[in-house]
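Same chain, two partners: subunit A is paired with subunit B first, then with subunit C.
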Partner chain A sequence: MIAAAAVQLLGGLLLGPLLVGSIQTAKARLQGRRGPSPLQPYRELRRLWGKSAVDPDGAGPLYELAPPLVAAATAIAVLVVPVAGVPSPWGFGDDAIVLLALLAVARFALTASAWDTGTGFGLMGAARDLTIAVYVELLAVLAFVVAAIPAASTSLAAMSDAADGWEPWSSAGHWCAAIAFAVVIVAETGRQPVDNPDTHLELTMIHEGPLLEYAGRDLALLQWSAAARHWIFLVVGAELFLPHSGGLWLRLGSLVIGLAALVAALAITETAQAKMRILRVPGLLLACSLIATAGVVATVGGVLA
Partner chain B sequence: MRREGSPARPRLEYVAATSWRGEVERALARGLRFRCAYAGGEGERSWSALFGDGHEELLLRTFASGDVPAVDSVVDLVEAADWDEREAHDLGAIEFEGRASTRPLLDHSQPSSAWAVPVAGAGVNQVAVGPVHAGIIESGHFRFHVVGERILHVDPQLFYKHRGLERAAEGMRPAAGIAIAQRACGACAVTNSVAFAQACESMLGSVVDEPTRRARTLLIELERLYNHLHDIAAICAGVGFAAGNMAFANLKERALTVNRLLSGHRFLFGSVALGGNEIVPGAPAVEEARARLSELGADIAAAWRALDFAATVQVRLTGAGVLSRERAEELGAVGPAARASGVERDARTYAPLLHYPAFRQARIDRPSGDCSARLRVRAAELATTLETLDDLLQGGVEAGSAVQRANADGAADVGAAVVEGPRGETVCVVEGDGARLRRFHLRTASYANWPALAAATAGELLPDFPLINKSFELCYACVDR
Partner chain C sequence: MSSDGNSHSRSWAAGLILLLAAVGSAVAGCLGVAVVATGDRLGVDGFSDGVEPALGVDGLSGIFLALLALVAVPALLYARTYLRGSRHATALAALTALFVASMALFLAARDPVTFLAAWELMTLLPAAAILLARDEAGVRSAVFVYVAVTHMGGVGVWVAVLLLAAAGGLSAPGLADLGTGGQAAVIAGAIIGFGTKAGLMPFHSWLPRAHPVAPAFLSALMSGAMIKVALYGLIRVLFDWVAPAPAWAGLVLLSLGALSALGGIVYALLQRDLKRLLAFSSIENVGIVVIGLAAAILLADAGEGGWAAIAFAGALLQALGHAATKGMLFLLAGTVERATGSVDLDALGGLLRLMPWTGSAFLVGAGAMAGLPVLVGFAAEWMAIRALIELTITAADGIAVLAAVCAAALAATAALALLCFAKAAGLLLLGAPRRREAGDACDPATGMRAPAAALAALCVVAGAVPGLLVPALAGLWPLGPAPAMAVTGGLDLPGTGSLPAPALLAGIVVLTAVLTLARGRSRAERAPVWICGQEPDQAFAWTSAGFTKPLQLVLAPLLRPERSVVVERSAGITDAVTYAGRVPHRFDTEVYRPVRRFALAAAVVARRMQSGSVRTYAGYLLGALLVALAVLRFGVLQ
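Up next, the complex of A and B:
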């Protein structure tokens, strides 16, 4: 129990940048480059933390409050995400809807900061992020519904337990939800083909857009939050939609394998795929919503039968 | 009558200010294309426009009249002259009469309402990009008028680092001026220097021998090789396709090492001299380069196949940033960008001062004018370029020199040259008395194509602009000369 709580806390707070760094390194290797070490994001955070923050002229309180708000919401979200099916002991519960709400708070704070400064790139990125969020949140809810029905609960720990063993994989609904959640991971972590985390092309940015004005510690907080989102979504994906079974240590072991598999999958997807034309992204997400809806129908049908 | 192998020397015709428009119309009606226009040469009031078709070059000249020097504008006849007139206006030389407006082009002192096209309506916003960018690019500002993600119109504001190179070359000896022409742009160093050298030789009445022609052709094609590879890599980066970007960046790097082997410089600097050939690599180096290029050619073909089958890339390129053939012709677009729109024109098909004995213009199946077509044109041209390079290297590279023109009509005041560089036709005009340059004007392919890029952008999505921009991949330095 204590081990699970420790992994949840330390992993969530500290290992997000490692996931991002590992994806970067894997991508570099796949492209024939040596690339930076997986620890590079930590060096970046240390560098940014040591610099002073510079605010643009006319920046108001919304702009100044956004980085701590985003980081706080993300940190609480980390505490909500259980590992190895052990309920979170931190007093925030482990409800899937609470998780989505916390991430929505973070998104809202960042959007408000873009609106505060009114810069073109920030507003464009935030507007695109919100547009896509409408579809992604729907998709995430549908995937959670499929996982929640067998558990008869929206607790992430209960959902994870219900997905234990091979039995869930005989249900068509589980497969549909797994596919849907894979796309949620790609969209929510800002990865290709939805967004390109490596781009320097301002006009194409989604998640990076509102970050352009930030510097120093503010930027460090926002970059840590983006890395922690990787932890949140990859862990939830592995806990709910990747095979796992057995006791605590076996479950922790399969989580590590699951995270490695997801990191590899993201790196391969991002190497093999170009970014989508932005107006086609809602189409992709809606198509996945149909798959997820089919999953809901199949699962409900399975329960009723 | 000109003899075979002797290039067109521009015929200078003086035109009264009152009949300027009529003469321009007549030149166009004869099938000559507008190439460039510039102020200066014979005093500050002199205003000249070059027309040509490769076989005949006609330089019309008039003198601005009035207290404030003014000439009739011809933009309604030749849209391609728009930038030339605006540039001359901003450099303080000449007013143009009959234009709806002469928006500032080089002059950055005025607010955007003065230089950007006015756009109004519900939901129309302006998005300003640059001149400082998040990546390592040259300085350029783009003012987009958008509704949502849709671009209504874009005004590029370039000329942030105008160096006054044309003015700097005035008074120099032609042989010294070549350094100025070369430094106009790093990626087009050979094209610009060969254009300058040929223009000076045309003025001085000399013709270079075959070894020099072969060496210059070799250099131009080496420049095209690495530029096209770079452009393909850039297009991949424009859609976030890192695998293609890295593969072609790697191929470009290998092309640069061949450049170094043959010329001593990765970007071929200092390899073109007036009236001769500067590079004389030894036979082993030539053999080595030939072997490396043949290997490179095989790898380019493989990388291109992989890219051609990358569906997520192709779907982004198809239909994006369409430049219609009509617009390409009207705006005077040149090079791969024009050929992608179906304009079958390549200065290499008739280039008596270079060595293209059996040149076939590369053609693509569907010249649809979109990003896909611009990419495919470059891939097709790479094959031609590699063939030409192999053919040239097989014959070896020797020292060369210039001889006085065989059908000598002697030296003249004016010389001009048109060279097909990686981005298209680059035009150079020089004026002088043989010993000293009086005027040097360089109209690069990028200069001709920037308005075409703006035209291709209208109606597209804002996040597609970087891709469309990279599918043209124009130089900023080439216009900031």
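Up next, the complex of A and C:
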């Protein structure tokens, strides 16, 4: 129990940048470059934390409030995500819908910061992010519904327990939901083909857009939050939709393997797949929603049969 | 015209009327809360089918009386300052007070005559008040549409109530011998009648027209209270008089609710007129309430009494939360209109700095409308989504899949609401003022500031402790025992990961404070925003249309936006480019316009029959006589 809680707290708060760094390293290797070390994001955070900030003209209180608020909401969201199916002991519950709503708080704060500076690129990114979020939330809820049916609960821990062993993989619904959630992961972590985390071209930015005006510790908080989102979605994906079984230590072991597999999968997708036109992304997400709906149909039919 | 002294005395009278009305609604609200808390009843117990007037309050009426007071007390107090020195202040105050009284009468009515009379007054009084406040051609047309649509739809209420009264269904709920057809007629009449007044799509056409033209306090009363009072009527029919409602009623309501939620919020976010945006968002919220009610019907039908009660409580919580939030937002829109002379979002901006009270309250309201957790509204949405998922887990296959799709639609609605209110708050409050007139706006007098501030505080507090309200609301579930629930601040429902709202709020606030301290304030310098090295210019300011453009492009096949680009060239040189774009309201162009055209054509035909010539009328009489004789002769009636 304590081990799971410790993994949840320390992993969530500390390992997000490692996941991002690992994806970058793996991607570089796949592209025939040596690439930075997986620890590079930590060095960047340290560098940013030591720098002074530059505020844009006319920025108001919400611009200054946004980075701590985004980081706080993301940190609470990290504590909502249980590991190894152990209910989270931090007093914030472990409900799947609440998790989505906490991330919406971060989204609202970041959009407000973009409005506060009135910067064109920030608002462009925020508008795109909120548009895509409509489809992502729809898709995520459908995937969660499929996982919730066998568990009869929307508690992430209960859903993880219900996906224990090989049995779920004989259900067509589980496969559909796994595919759907894979796309949720790609969209929510800002990866290709939905978004390009490496872009330096302002016009193509989605998640990076509202970060453009920030510097120093503010930027460090926001980059940590983006890394923590990787932890949140990869862990939920591995816990709900990747194989796991057994006691606590086996579950923790399969979580590590699952995370490694997802990191590798993201690196391969980013290498093999070019960025999509932004307006085609909702089409991709809607197509996946149909897959997820098929998963609901299969699971509902399967439960009653 | 009157002298100065006279108008002063009249505005004093207006203030007194509004104060008395506010006290009256506060008393009614307290009575309502007492009835809900104790489980007792006031006045007549149960409904009568007769014509003698009867009044009484039970739990369901009580909670809606509380809702009415929640909106009416701040709105009436706000109106005292708002109306000071304006034309027809006394008459407007009196009409507004009567409007509130008619809603209270409707909630307390215990016989069909009082019920229907209060229902009609509730429609007509605000129409009269709007016309009194603003006598312009556009306003008259909006009010005409309001009265016409709600009256035509309102026929459904008469049909439902009179059929029930004739069958003795009001005094013996659920036992009346209506037959399947009669029950279907009652339910259909109730959905159309009450749904029209509640702004349920596709009967909503009047709402985005009437709410924006009303004075602020009246918009707040109509959007915050009146449409919820109409939902009370729907609840009364479905959960009391014809209970248990059949599953098909649940399916119809689920579909209409999902349509209203999605359609309402999509059209809301395309608006740049703040009051129209708020009006469309009311349609969305009514949709969410109706989804909760539909889930309650279907869960009860599937034998899940406990979850049905939770869905029902969630619907009531959503109604209460929306009443407080939307009432406040309409009051704030009125304040902004007074201070800047505009509710055009593209013309405003920077009001958080200029009007800190108004701006902060609006920010809270926008967050609540966007469904952010720990503000009022999220808990209700969470309960609705969770109830739909429970329906997916327990109900028959077809209903289960529909419920899952509706749960996803609700999630999409929440994300669209975030887009909509992030836009509204951003354009209104943040950045630099987009127009000079907005540059010297300031907060209003305490009389207009305090009511909105009180509602904003309520939005935060009620959002932090939904668990204190939900058990009492679930106790109102009429079709069985209420589920046992611990009365704590958070919501720990079975089969969920729980919503510990107080912990979430405390966690976010404390962590934000800690991180703000850790970041420190060692700001080095200021620099212009990054626009690829160009000088920042007001022409780069983002507009409402710009922010929602991605969504509009994605939804173009559904919304069918119209755009025209005219390029004027002379001798190969472009002189001017004019661009115009708008998104027509497809319900108006494709549902209401054909209906109106048909009605007008039918009226032309009917008029042709009225020639005024005596011989023609004699011919009609002869024809009618022949038909009657033929019917008798050939025995069609047997």
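Please note the rule applied: the second predicted complex is superposed on the first by the 305 of 305 C-alpha atoms of A that agree within 3 Å, B and C clash if a C-alpha of one lies under 4 Å from a C-alpha of the other, contacts with A are read in each partner's own complex, and residues count from 1 in each chain.
We take it that a residue touches a chain if its C-beta (ideal position, glycine included) is under 8 Å from a C-beta of that chain, and two chains touch if they have at least 3 such contacts.
Please read these numbers as outputs of a predicted model, since none were measured by experiment.
Once chain A of one complex is fitted onto chain A of the other, the partner contacts of A:Met276 are limited to subunit B, with no touch recorded for subunit C. Once the two complexes are overlaid on the shared chain, A:Val297 sits against subunit C while remaining clear of subunit B. Within the superposed three-chain model, A:Pro56 lies in touch with subunit C and out of touch with subunit B [touch as defined at top].
Of the two partner chains placed around the shared chain by superposition, subunit C is the only one that A:Leu156 touches, whereas subunit B remains out of contact.
In the superposition on chain A, contact is made by A:Asp198 with subunit B only, not with subunit C.
In the overlay built on the shared chain, the residue A:Leu30 is in contact with subunit B alone; subunit C does not reach it. By the touch criterion stated above, A:Thr189 is placed in contact with neither subunit B nor subunit C.
Judged by the touch definition given at the top, the superposed model places A:Leu212 against both subunit B and subunit C.
Touch counts on subunit A: comparing subunit C and subunit B, the chain ahead is C. Of the two partner chains placed around the shared chain by superposition, subunit B and subunit C are both touched by A:Gly120.
Shared contact residues on subunit A (touching subunit B in one structure, subunit C in the other): 120, 202, 212, 278-279.
The touching residues of subunit A, when paired with subunit C in their complex, are 52-58, 60-62, 65, 67-69, 71-73, 75-76, 79-80, 91-98, 100-102, 104-105, 107-108, 111-112, 114-121, 123, 126-128, 130-131, 133-142, 144-145, 148-149, 152-158, 202, 212-213, 217-218, 221, 278-279, 282, 289, 293, 296-297, 300-301, 303-304. Chain contact summary for the complex, subunit B toward subunit A: residues 127-129, 133-136, 149, 236, 238-243, 245-247, 250, 310, 312-313, 315-316, 320, 461-466.
Residues of subunit A that touch subunit B in their complex: 27, 30-33, 120, 124, 192-193, 196, 198-204, 212, 270-279. Within the complex, the subunit C residues that touch subunit A are 352-353, 367, 370-373, 378, 382, 385-386, 389, 392-393, 396-397, 400-401, 404-405, 407-412, 414-416, 418-419, 422, 425-427, 429-432, 490, 492, 495-500, 503-504, 507-508, 511-513, 515-516, 518-520, 522-532, 536, 540-542, 546-551, 553-554.
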